[in-house]
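Read through the structure below, which is laid out as structure tokens, and then see the notes.
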Amino acid sequence: MERKILLTDCPDAQGLIAKITNICYKHQLNIIHNNEYVDHSTGQFFMRTELDGIFNDDTFLMDIDQALPAGSRRNLVNTNRRKRIVIMVTKESHCLGDILMKAYDGSLDVEISAVIGNHNTLAALTEKFDIPFHFVNHEGLEREQHEDKVVDIIDSYAPDYIVLAKFMRVLTPNFVARYPHKIINIHHSFLPAFIGARPYHQAYHRGVKIIGATAHFVTNDLDEGPIIDQNVKHVDHTFSAEDMVKAGRDVEKTVLSNALSQVVEDKVFVYGNKTVIL
Amino acid sequence: MERKILLTDCPDAQGLIAKITNICYKHQLNIIHNNEYVDHSTGQFFMRTELDGIFNDDTFLMDIDQALPAGSRRNLVNTNRRKRIVIMVTKESHCLGDILMKAYDGSLDVEISAVIGNHNTLAALTEKFDIPFHFVNHEGLEREQHEDKVVDIIDSYAPDYIVLAKFMRVLTPNFVARYPHKIINIHHSFLPAFIGARPYHQAYHRGVKIIGATAHFVTNDLDEGPIIDQNVKHVDHTFSAEDMVKAGRDVEKTVLSNALSQVVEDKVFVYGNKTVIL
Amino acid sequence: MERKILLTDCPDAQGLIAKITNICYKHQLNIIHNNEYVDHSTGQFFMRTELDGIFNDDTFLMDIDQALPAGSRRNLVNTNRRKRIVIMVTKESHCLGDILMKAYDGSLDVEISAVIGNHNTLAALTEKFDIPFHFVNHEGLEREQHEDKVVDIIDSYAPDYIVLAKFMRVLTPNFVARYPHKIINIHHSFLPAFIGARPYHQAYHRGVKIIGATAHFVTNDLDEGPIIDQNVKHVDHTFSAEDMVKAGRDVEKTVLSNALSQVVEDKVFVYGNKTVIL
Amino acid sequence: MERKILLTDCPDAQGLIAKITNICYKHQLNIIHNNEYVDHSTGQFFMRTELDGIFNDDTFLMDIDQALPAGSRRNLVNTNRRKRIVIMVTKESHCLGDILMKAYDGSLDVEISAVIGNHNTLAALTEKFDIPFHFVNHEGLEREQHEDKVVDIIDSYAPDYIVLAKFMRVLTPNFVARYPHKIINIHHSFLPAFIGARPYHQAYHRGVKIIGATAHFVTNDLDEGPIIDQNVKHVDHTFSAEDMVKAGRDVEKTVLSNALSQVVEDKVFVYGNKTVIL
């Protein structure tokens, strides 16, 4: 008995749920959880089916492929293999620390392959958890040169996802294009408010009464990628910009961990510039 | 073309989703939204299927009945008919007012048949909205006598649901038994904290930092019925018990309206002492 | 015995609290609540002092004026007089309805002098509460002509505040300048996200996971005035733009009522483009 | 120039703020932040005054003592010395981990003197941060014997506070009495709901739609001590008891860290069974 997850993402058509669930039934696979969603504005169908049983992947997927319309994407994910991530950081420790701790105690089901920093600040923290830290200094390097070094390290680990845990440099289109829908960033504002640099200082000057954080997939448009999770915290006039920075940390780390958890559990579909989370 | 909702609630079995969705497909009914849930601890299956098409209710339900295991409940709800409610009140206006306003502007899809008060306080407000108000004074009457009068009025309207919008009297088992899973109450605490009378005063004396409200179906155990919705609000040491009463009003009315909205959209299954909301 | 509120807003200086509270003590005025705040980045001092006693306003304020540095603003507010508001609306009823209901049952301590609509849609609702409704049609009029008519009506009531309860037209600088820090608007996004028109549709296309509302004083920069209150609500991929509009209503009305409540209780200081709420 | 905090807690009297702030002014101490609160139901006055200047503690406090009525408590806290804490744990790592991480990166201003566990599970995690871990096995010992060993270790560090970070044993009255208002516990429910053991399992069986956590000072009445902070998280019917346990972790750790932060910044007054947080 194994557990696998069938992910289906295709143009909507009559009888899709019936066809897919029939195939599961025919293959004697038990549906543990099933969630589906149709975006009626665009006519796109999404389904996530957790299955228990004895799988013959080839025949099962052959049947599924015959049932789905043209232009479908489907994937059968084995839940036994833990997802591998590489984390990129600069100097701030709270998001990295939260992921390290949750991976350590098992509440986040990931294998942290390595941490890469453009500063050396977080090497000591990372190494406490027996995880390799790579310091790739960006000083004196062209942006592309720096990224080339980072890419070499990332690719040596073949990670499923790259997590920007307060990595404070803008990535080039080349870098982003190399890892489509595989780079997850935490932005320290409730996007699309306060795009760009120093969002808490922007928030302070605007006099807002809530601050927030956004976890999103990285695309070439700065802070414009598909949003995975967002949350906020109330502030008031007594908060300086620095107080907002401090108050925002718990929101940032919780939003990033939560987004990452949903991604590695294969619950997140990217569709255009949005996410569907089943 | 009509829209109907098929509600299914039965012991879990292999192939249920496939069977039900096949029948929909065979009857050329298009699935607009589908949500299902299996409680694996008890092996109970729940499904809510919104369907568009031309319905032959008899043949469709005959097929469904043959597909379902023994002990199943199923219901095919016509979305054309607006649900009728009777509201019971005492003196406080905020929950009644919110429902009146939302029914008036269409954001809550109900028909308010009547309001019944054991005080006359809210007659004027009710009548502003051209809804009959029945004042049934409880003074000088035995509890059963009072309820008999209320029952006569309720039954004359044949409502789908009875909403206790800050009705401050305890109902007898006889009354409750007459309307199983049809009476919705708002309790002014985040149950099970502060069961019983004057929960804000209890909260004040306990020194809590959050207050809340709970909408639930009424059963014979005081404040113990299946919970539909809950929400909270932060308070601090500056709040007197009266300040908590005032601060709680927005939470109470929002929780009650939200619960009522989910109930009248046929999203709420009662299962044992819990709700499943699809 | 009366209750009055002393509001002080001045450059910070050593001993300010001591001086002001000494004067209160000397005049035998009892401090019921006192809140102060110093913005250390700009050196501005704010204090709100609720006082009980027998007031000789002239001698008390003469003492206060001597104690305060140059450039100070102070105000002694009589809590006996209920603040008067005029509400401006277009077609949506939820914010108007909430204010009408809260003024009716006393949970919002205001006198609604009149409602002005550029459509006639909300006349019937307003008049249920025996409040005059003025329909000022904007069709066929220049913007200034329309506003002139509105100004005449507003000024005939001499309100303390003008509340834009989903009034969907942009006001001219002339209009805004006439009522500095007296116009309160509800914007249906968590500003500064989604400035301008159709914010829920913008939010839908951006794929956000939270929507929100912002109550702010109106200045000449569209949606850029000092923020009084903000709140948010979680949404997900199943929300259409219309669902977001509907889901946002409870947030909008709660944020606007809450902001208005703080303003009429004289808790809100405007300072530059921000508010200090004591 | 030093910064100190004057904490005053006494029966209310006319002119108290004036007297205290006058004394600060006379001693040329600059008030950086001042917060006061009067509980009018009991006539108790609380004030927290952050002061900058050159302090002569003896003469300053002598003046303060003469100004305050009988039965007053006052304290002048030096902000230079970081508070020391001892943390007690059992097996769960998330609350300990959050405090370790925040102390490590400076976002929580405490010195962790030691961690004491009745299991050895968290020794490795603690020692990563170069903090002594004491394993005091409770097996085969009377409760008092076990506590005697713990007391010896605690007292050897002379901590300001003892933090129960998911310490799963009930403490005896003797132990509690030894550290009045110095023991801070995190309880994994929004008290007073679900007092006692296995609150998430209680919550699951009750079918609640929110779960929460409460940080409180420990007194002899189980889970009845003064509440410092509370927060909640929404859940739904899909959450098993184990899912609630997992979902609650982020709430628990955030509430405990936040409470601890307020306590070590000397913002929390205990008054009867409540807290006043200034």
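List of remarks:
Per-chain numbering from 1; labels A, B, C and D assigned in written order.
As a working rule, contacts are C-beta pairs under 8 Å (C-beta built on N, C-alpha and C of every residue); 3 or more make two chains touch, one makes a residue touch a chain.
Values in this document were obtained by computation on a predicted structure and should not be read as measured data.
Taking the CA centroid of chain A as reference, the farthest chain centroid is that of C. C-beta contact counts were set side by side for A-C and C-D; A-C has more.
Distance from the chain A centre to the chain C centre is 41 Å, each centre being the mean of its Cα atoms. Computed from the mean C-alpha positions, the centre of chain C lies at a distance of 37 Å from the centre of chain D.
Shared interface positions of chain D, defined as residues touching 2 or more other chains, are absent.
Those residues of chain A lying in contact with chain D across their complex are 92-94, 97-98, 101-102, 104-105, 107, 125, 128-129, 246, 249-250, 254, 257-258. Note for the complex: chain D touches chain B at residues 37, 39, 41, 190-194, 205-210, 212, 226-232, 236-238, 240, 273-277.
By the touch criterion stated above, chain D contacts chain C in their complex at residues 14-15, 17-18, 21-22, 24-25, 28, 30-36, 38, 40.
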